[in-house]
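In this document, chain identifiers A, B, C, D, E and F correspond to the written order of the chains, with residue numbering beginning at 1 in each.
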Amino acid sequence: MRITAHRKAHFNAAHRLYRADWDDAKNMQIFGKCSNPNFHGHNYDLTVSVSGEIDPETGFLIDLKILKDIIKAEVEDYLDHKNLNLEVPEFKTLNPTAENIAVVIHQKIKAVLDPKFDLEITLYETPRNFVTYKGE
Amino acid sequence: MRITAHRKAHFNAAHRLYRADWDDAKNMQIFGKCSNPNFHGHNYDLTVSVSGEIDPETGFLIDLKILKDIIKAEVEDYLDHKNLNLEVPEFKTLNPTAENIAVVIHQKIKAVLDPKFDLEITLYETPRNFVTYKGE
Amino acid sequence: MRITAHRKAHFNAAHRLYRADWDDAKNMQIFGKCSNPNFHGHNYDLTVSVSGEIDPETGFLIDLKILKDIIKAEVEDYLDHKNLNLEVPEFKTLNPTAENIAVVIHQKIKAVLDPKFDLEITLYETPRNFVTYKGE
Amino acid sequence: MRITAHRKAHFNAAHRLYRADWDDAKNMQIFGKCSNPNFHGHNYDLTVSVSGEIDPETGFLIDLKILKDIIKAEVEDYLDHKNLNLEVPEFKTLNPTAENIAVVIHQKIKAVLDPKFDLEITLYETPRNFVTYKGE
Amino acid sequence: MRITAHRKAHFNAAHRLYRADWDDAKNMQIFGKCSNPNFHGHNYDLTVSVSGEIDPETGFLIDLKILKDIIKAEVEDYLDHKNLNLEVPEFKTLNPTAENIAVVIHQKIKAVLDPKFDLEITLYETPRNFVTYKGE
Amino acid sequence: MRITAHRKAHFNAAHRLYRADWDDAKNMQIFGKCSNPNFHGHNYDLTVSVSGEIDPETGFLIDLKILKDIIKAEVEDYLDHKNLNLEVPEFKTLNPTAENIAVVIHQKIKAVLDPKFDLEITLYETPRNFVTYKGE
């Protein structure tokens, strides 16, 4: 029986939308106030969705303690209270849009999650804007 | 890398569930108090979900300003603070159920959205009743 | 020991903001699109807050079944799926703003609630606009 | 035109995670504090999602009164204010994890729902942990 | 400058509404299905509200780490995943209504909080039923 | 008839908790990771609550368009997508804690609001931490 288990988490971070190979004027033209050189920030709300077969022995898809520990190590400890552009290696060369942050979170969790599971990431940048990424 | 970007919006409107080719008694029998001839109304909450490939230049699926402008023109300006039955052409002959409103919103946004994107509409008629439509 | 018990409820209704002694032009000037003569509508979310002493015998401030029945009779049955201007006697002569709807709900519940309790009404007209009325 | 209509519901229940063929020590080792022999409990939030073709006569996928009655009979009356382990036959031999509760709810609704519809169950055990089951 | 700082928390527990000096029939008559002898349960959502003067040195009312530690020790560790009637001393003789649980939480936090602060407890038993207690 | 009308708004910003007269080590000791010199950020949710008498002519406490314009000019345009420490004059010398941000928002709105109204500010720094300030 195939099921999906979802776990919510969150982190706070500063960022700016920005390409280093564009000057500030072009960054401002394309990214607007999101490109403020002094940064702005968000409370990011995250849903991590893991799909697979229910383990008939426990009735779990996955032990949620394992999933919580993965989210803490790979996402919360890595991104919370950080400046994404300055302090997170992936975003030194990658623009920290919600799309790209979701891709990075997917890659980091996928790397340590049992490969029998499928993984989907939902990331809210604000309560009204969010993205979903399945690694496809 | 295929991703979905979601944008929430809302509008308020009056409506009644009603077929002009049925009399009030039959409308009331089928649609109950939702068929009140004096209308009732809702705060409709909308999620517009657009799917496609991340643009490697910007890190965006779609510039959200473009999506916000489409939602404003095609949905908010068209439906907000309106009487759906009396003032919205599509619902002169189509019963304004949540299902049909979602279909109309999908058609209106699809008509102006870059055709490379897939589109899904989620429409909350109340906090407990909502519908999802993908145009399939 | 003085405590407040809160109970949430909701109803859907159509209305327009409007004074009968003003013409449509003046109504539109003062009330904007909320004065659309064809009506618009809302999902109203309501919190009824009752304050008093905990009954030491039951540990309740008030039996919630009693409070639910009062809210059903005085608010939900009276306002749900109605056109406030056309079908609710109080609003034949009173503009159905959120403020005035909260006052009417307070008066109707207060009239049947045990007078030993204080009463506060919180009414959401939209998720972003709401009012609080204590009957003072 | 294929659409999904969603209806939210909820129920409160006590449970413990537990296998009768394991002793308390092993249950505690695998299920942690969720295995407390004196039980703990949750407010379960449920979304029932039904998919199919819009009925062109009514504009409905399904009459929501029918769906509400099914949810009341099959879920709320069956599970609300119950001890899942002691009072619900399915969980005498099945561990009442969120995954298994979702499967049971799916089976019970599927058995009485018009077979032309597809069905998906989303069950929140807490605001941060939830599961989705499609019966696949 | 007087301000209130609020911190949200939650815990899950089983309980039954019940007086030991009444028989089951009377408990059922007064408390209904909430008196199920096999218990039921809730996700309790808690807001702890502390009022006082802003510390001009830090700009804090209270260091939130101190408040989080108090809530963890006095509420979460004490009540989470417990059977309130069987495992929490205060409720051996006190009916665990939302009102009484709020009073107990208020007393336990007040006992360890700096006495210069005022304290208010808001406790949600379900998303629609909640109580507020100020210790007055 | 005295009533309170509430209007929600939000803004995103970067900040760090920090006193310029303390070195980084002391800032880090007192403010922890909130003192990250590279900044972090939040989605701030704001509720502006205005109290006074209902205007019998309109049925409004205050025209919400006026209140929305004040919030836009004094809060959203002033704080949204900003670095509070570097770009907002009040926080050059004042630590941008939630408490102090609420005080600054209160002062700015109070300065332009009709003095017949009382004003309360509720500011969410995260979904679980928020403050309330009445200007007392």
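Here is the rule we go by: a residue touches a chain if its C-beta (ideal position, glycine included) is under 8 Å from a C-beta of that chain, and two chains touch if they have at least 3 such contacts.
Everything numeric here is computed off the predicted structure, so don't read it as measured data.
Enquirer: Chains shared as neighbours by chain A and chain B?
Expert: Chains in contact with chain A as well as chain B: D.
Enquirer: Along the shortest chain of touching chains, how many steps lie between chain C and chain D?
Expert: Counted as steps through touching chains, the separation is 2.
Enquirer: Of the pairs given as B-C, B-D or D-E, which one copies A-B, with over half of its contacts the same by residue number?
Expert: It is B-D that reproduces the contact pattern of A-B.
Enquirer: Compare the CA centroid of chain D with every other chain's and tell me the farthest one.
Expert: Farthest chain from chain D, going by C-alpha centroids: F.
Enquirer: Could you pull out the chain whose C-alpha mean position is farthest off from that of chain B?
Expert: E
Enquirer: Looking at chain pairs B-C and E-F, which one is connected by more C-beta pairs in contact?
Expert: B-C is joined by more C-beta pairs in contact.
Enquirer: What whole-Å value do you get for the distance between chain A and chain D if each is reduced to the mean of its CA atoms?
Expert: 29
Enquirer: Could you give the separation in Å between the centres of chain D and chain F, each centre being the mean of its C-alpha atoms?
Expert: Result: the chain centres lie 42 Å from each other.
Enquirer: Two or more other chains in contact with one residue: find those residues in chain D.
Expert: 127
Enquirer: If two chains touch, include that pair; go through all of them.
Expert: A-B, A-D, A-F, B-C, B-D, C-E, C-F, D-E, E-F
Enquirer: Sort out for me which residues of chain A touch chain F in the complex.
Expert: Of all residues in chain A, those touching chain F are 10, 12-15, 33-34, 36, 38-43, 45, 80-83, 86-87, 126-127.
Enquirer: Contact residues on chain D for chain B in the complex?
Expert: For chain D paired with chain B, touching residues are 1-9, 49, 54, 58-61, 64-65.
Enquirer: Touching residues of chain A toward chain B in the complex: what are they?
Expert: Against chain B, the touching part of chain A is residues 17, 30-32, 94-100, 102-103, 127-134, 136.
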